[in-house]
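Labels A, B, C and D are assigned to the chains in the order they are written; within every chain, residues are numbered from 1.
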C-alpha cells in the first residue's frame, strides 16, 4: 500500500526566492482580476452622467478607500514588475540571474510604490 | 497513467505566448495611463468632465478597448491557468471554464458599452 | 513472519542479472536481434555502478594522436603483468573501436575535437591518448544511453529484484530465484540462458571506491553451486580515495600536476618512482602511500597522506578539476585551493571473478568445460582480460564490449535449445536463507560482522600482503562465517526490507572473501596488484598461471593448472617497468 | 576529525504493513561531526534500528538513489554533510510529491514512466556512418550540462506544479526531452516537441525555480525549460 502524502501543496517545503515570487505573483494576479471587474463596473457609472460618477468618486475618495488604493497600487506594481521578470526569464536567459532580477525589479516597484502612495495619501479630501 | 492526461489540448503554446504579449502591452498602457491620469491631473481626483472629454478621442478609445481586451484575456487566462493547476475533475473544469467565458464576455460587453456611451455624451449637459 | 510461496513464476528465454554496462549491453543486443530478455537488478538500472566511471572508455580510434590496435594490445598485456589471456585481449582491442562507434550511434554525448570527432585523452598505462570521454561523466552517459536504448527495444526490466539463488543442476543453468525488494516475496525465473553481470565486489574492503551495491552476490552464488572463481587475489587499489570515505578523486588531479606529500611535507614519490613521480602506475603509488603510512609518516600519524593541488592555482583547479574540488569540499570540508586533500588507497577494481571463456560462457574447471546456458561478463567475470592489474578506462570498455559479445552469443544459443527442466525444489535454497535471518533468535548483527570483515580485509590483504597477516585473517573469516549463522534481523516485514538484503549481502562478502585470502596466501609471488612483502618478485616459472578456487566442505580448494594464453612470438613476458 | 558528537534526528517513518499514516520517530546518534546525512542513516540502520529503509548505492552523488527531503528541502543524502544544517536538529522525510513505499523509499514508477513518454533515445532518419557522427564542440556544449542529470528525482519532487498535478511531466522528463531535441544528431525533434507541447507538459512550468534549487548537479533546469518553451512556440506558429 502506497501512501500519498503531498496533496495539493507541500507547505513545509522551504521557500526560496523563486517560490515566493511565484506565490505572490499568483495571488496578486488573482487580486487584480477581481479589481478589474470592479473597475469596469465603476467606469460604467460614467455613462449615467456626472452625478452618480462624482458620488462614486467621493465615496472612493474616503480615507478607507485611499488606503485600499495604496494596497492596490502595490499589488499592481509587484505583479507588473515580477511579470517583466518572468518575461526576461522566458526570453532572455533570466534564469541565470533570476534572484538578482527579483531584487532589482521589486526594489524599483517598491520605490514607485512609496512615491505613488505619498501622492495618493496626501490628497485625502 | 491517470485520467486527465488525454483530455488536454495543444493550445498551450499560443496561450503562453499571448499571456506574455498581453502582459507587455498592459505594462506599456498602464504606464501611459498613470502618466495621463495621475501626473497630468496632479493627483486630484478625476473630474467627470475631464474624463469624458478625454474619451472623446477615437484613438484614445481604441487604446482603451484594446487595453480592456488584453486585460480581460490576460487576467482570465491567468485564472484558467490556476484552475488547470489545481482542479482536476472534469465537471468542475467545465463548470469554471463556462463561468470564466461568461464573466469575460459580459465584462467585455459592459466595458465596450461604456466606451461607446461616454463617447456619445455631450459633456455640457 | 512466514514468507509465502513465490508469488510469481516467469518463463523467459534469457535472464540477465545486473544492469550495468555489461548486463545492458548484452540485453540490448539480444532484444535487437529479436530475442526475449529480462534484466534483473537490485538497483534501478541507471543507479548501477558503471555510472561512476569518470575517466573514459579506451579504444584506439587514433582521433588525436597516432594509435593502433597493436599498441592498445601491448599496453593492456603489459598492464596485466602478463597474466591477461592474449586471445581475449586481441579480440577486445578490435571490438573496442566498434563498441565506441556503437555507443556514439546510439547517442552517447562524447566530448568532441575541433573537427567534430570523438575527443580522446591520455590515461595512466596507455601509451597514446585513447580514452574517449564525455567531460568527467563518461560511465554515466554510457550507462544512461544503454538504458534508454533498452527501453526503446522493449527489454523487460525487473527493477529492484535481488537475486537470492541460482538454479544450476548437472552443469546446466536453469534459472534464478529473486526477491522482489519493493513488495517482498520470491520470484522464480525459468530461462534457457543466464548472464551474470553483477559488477565489482570492492565492498569486502573497508576503504573502497565501490558502491554499496557492489557486494559480488553472484560470485558467492557461483561458489554455493560448486563452481569455481578465478584469480580472486587480484584486487586493484586506487591511490586517491578520499580519506575515510574511499570516494574516488580522479586521476586527472595528478595528471594536472598535483603533488602527493607526507607528514613532513615531502613529495615522497621521489623515493619510489623518481622519474614518473605522481604519474607512476596506480599500484606503485598505492604501495608508496601505504609504505609512508605504515612507517608513521602519514599525516599526524594517521592512515592518510595529502594530495596537494594548491600550487595549481584557484583558476586551474576550478576549471579543470571542479569535481575533485567539490568532493573534497563536500565530504571533508577541505577547500582544495587553500589546503591539501587527505587521501588514502581504496579498493577499486577486482580483476578476478567468475571464470569465463572468450565467448563469455562460464567454465567449471581448468580444462575449460562449459556450464550450459550460463554466461558471465563485466567486472563480475574473469575472462581474463585484465590479468593481474587492469588499466584505467579498459574496464568500462571490457564490460561494454564483452556484454555486447555475450549478447550475440546468447542470441545464437537460445535459438538452438529448448528450456531445460526446472529443478525439483527451486525455492528451497533461497527460502532457507530468508527463514534463517527471519527466525534466528541469535544476537549477531550483520552490520558488525561486515565491519569486522572489512576492517580486517583492508588490514591484512590490502595493498601489502604477507603470510602471517593472512593466516590471521583466514582464522578471523572462519570465525565470522560461524557467527554469521547466528545473524538475526530487526525487520521482519516484506516491503523494502533493507535489513534482509544487507544480511544476504554480508553473506556474499564473507563467502568470496575467504577465496581472496586463500588465493593470496597460495600465490607466493608479487604480480600486478598482488604484492607480497615476503615474495616481492614476479615468478613466471611457477606462477604464470590462473588461480581457480572452489569452496568445499573441507575449505577452499585451489587449482593452478589453468594456463595463461600467451602469444610467445609476439608478446613474450617482459619485466613490467614504467 | 575523529571525536564524536550527538545529533538529534527525526525521521518520518511509514511501514505499509503496520501504519495507517507516517509518523515522526526521533533518534539520537553519536557520530563524527563531518558525517553526511547518509552516514547518519546508516549509523541508525546498523546500530540502532534495522527496520529503517532508504535507497542508496554509490554514496558519491552520481547514482541518484538517495534523494530525500532534509530540513525542508530536497538533497542527496550522500553528498550533504550534516554541518550544512549548522547544528540544528535534522528532520528527514521522503521526497514530497511521490507515494511512499516504506520510510524514505518512494515510488518512482511515475517518474520513470514520464521519462519514457518523451521517447528518451536517439531517433535517426539519416544513414549511420562508418565512424562517428560529426558533432562540433559547440553542438556538444548545447547538451553537455543536461546530460549530467542523474535521474534522482529531487527536482520533479520539489516542483509545486507537480504537487498539485500528478500528470505534469515535471522538470526531469522535460530536461530529457531537451537533451534529445537539442542533440544535433537527433531527427525526431518535432515529434518530441509535440509530446512536450501539452497542457500537462512544458506549459505547467511556471518558472518557480524549486527544481533548480534542488538539483544536486546544479543543472540550470529552468533555463533549459525556457528554451524548450520558445522552441515549442516556434514550432506551433
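The rule we apply is simple: a residue touches a chain if its C-beta (ideal position, glycine included) is under 8 Å from a C-beta of that chain, and two chains touch if they have at least 3 such contacts.
The structure presented is a predicted model; accordingly, all values stated were derived computationally and were not measured.
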| item | value |
| --- | --- |
| Comparison of A-B and C-D (more C-beta pairs in contact) | C-D |
| Separation of chain C from chain D, taking each centre as the mean of its C-alpha atoms, in whole Å | 27 |
| Length of the line joining the C-alpha centres of chain A and chain B, rounded to whole Å | 15 |
| Mean-CA-position distance for chain C and chain B (Å) | 65 |
| Euclidean distance of C-alpha centroids - chain A vs chain D, Å | 33 |
| Shared interface positions of chain A, touching two or more other chains | 8, 26, 86, 90-91 |
| Two or more partner chains touched - positions in chain D | 16, 101, 164, 206, 229 |
| Of all residues in chain C, the ones touching two or more other chains | none |
| Chains grouped in pairs wherever the two touch, ordered by label | A-B, A-D, B-D, C-D |
| Chain D residues touching chain C - in the complex, by the definition given at the top | 15-18, 34, 36, 45-47, 49-65, 79-81, 83, 101-103, 105, 108, 112, 116, 119-122, 124, 128, 130-137, 139-140, 143-144, 147-148, 150-151, 180, 183, 185-186 |
| In the complex, chain A residues that touch chain B | 8, 26, 29-30, 32-33, 36-37, 40-41, 43-44, 46-47, 49-50, 53-54, 57-58, 61, 76, 80, 83-84, 86-87, 90-91, 116, 119-120, 122-123, 125 |
| Of chain A, residues touching chain D in the complex | 1-6, 8-10, 12-14, 16-19, 22, 26, 86, 89-91, 93-96, 98 |
| Residues on chain B engaged by chain D in the complex (per definition of touch) | 1-2, 4-5, 8-10, 12-17, 81, 84-86, 88 |
| Chain D - residues contacting chain B, complex | 110, 113, 161, 164-167, 194, 197-204, 206, 229, 232-233, 235-237 |
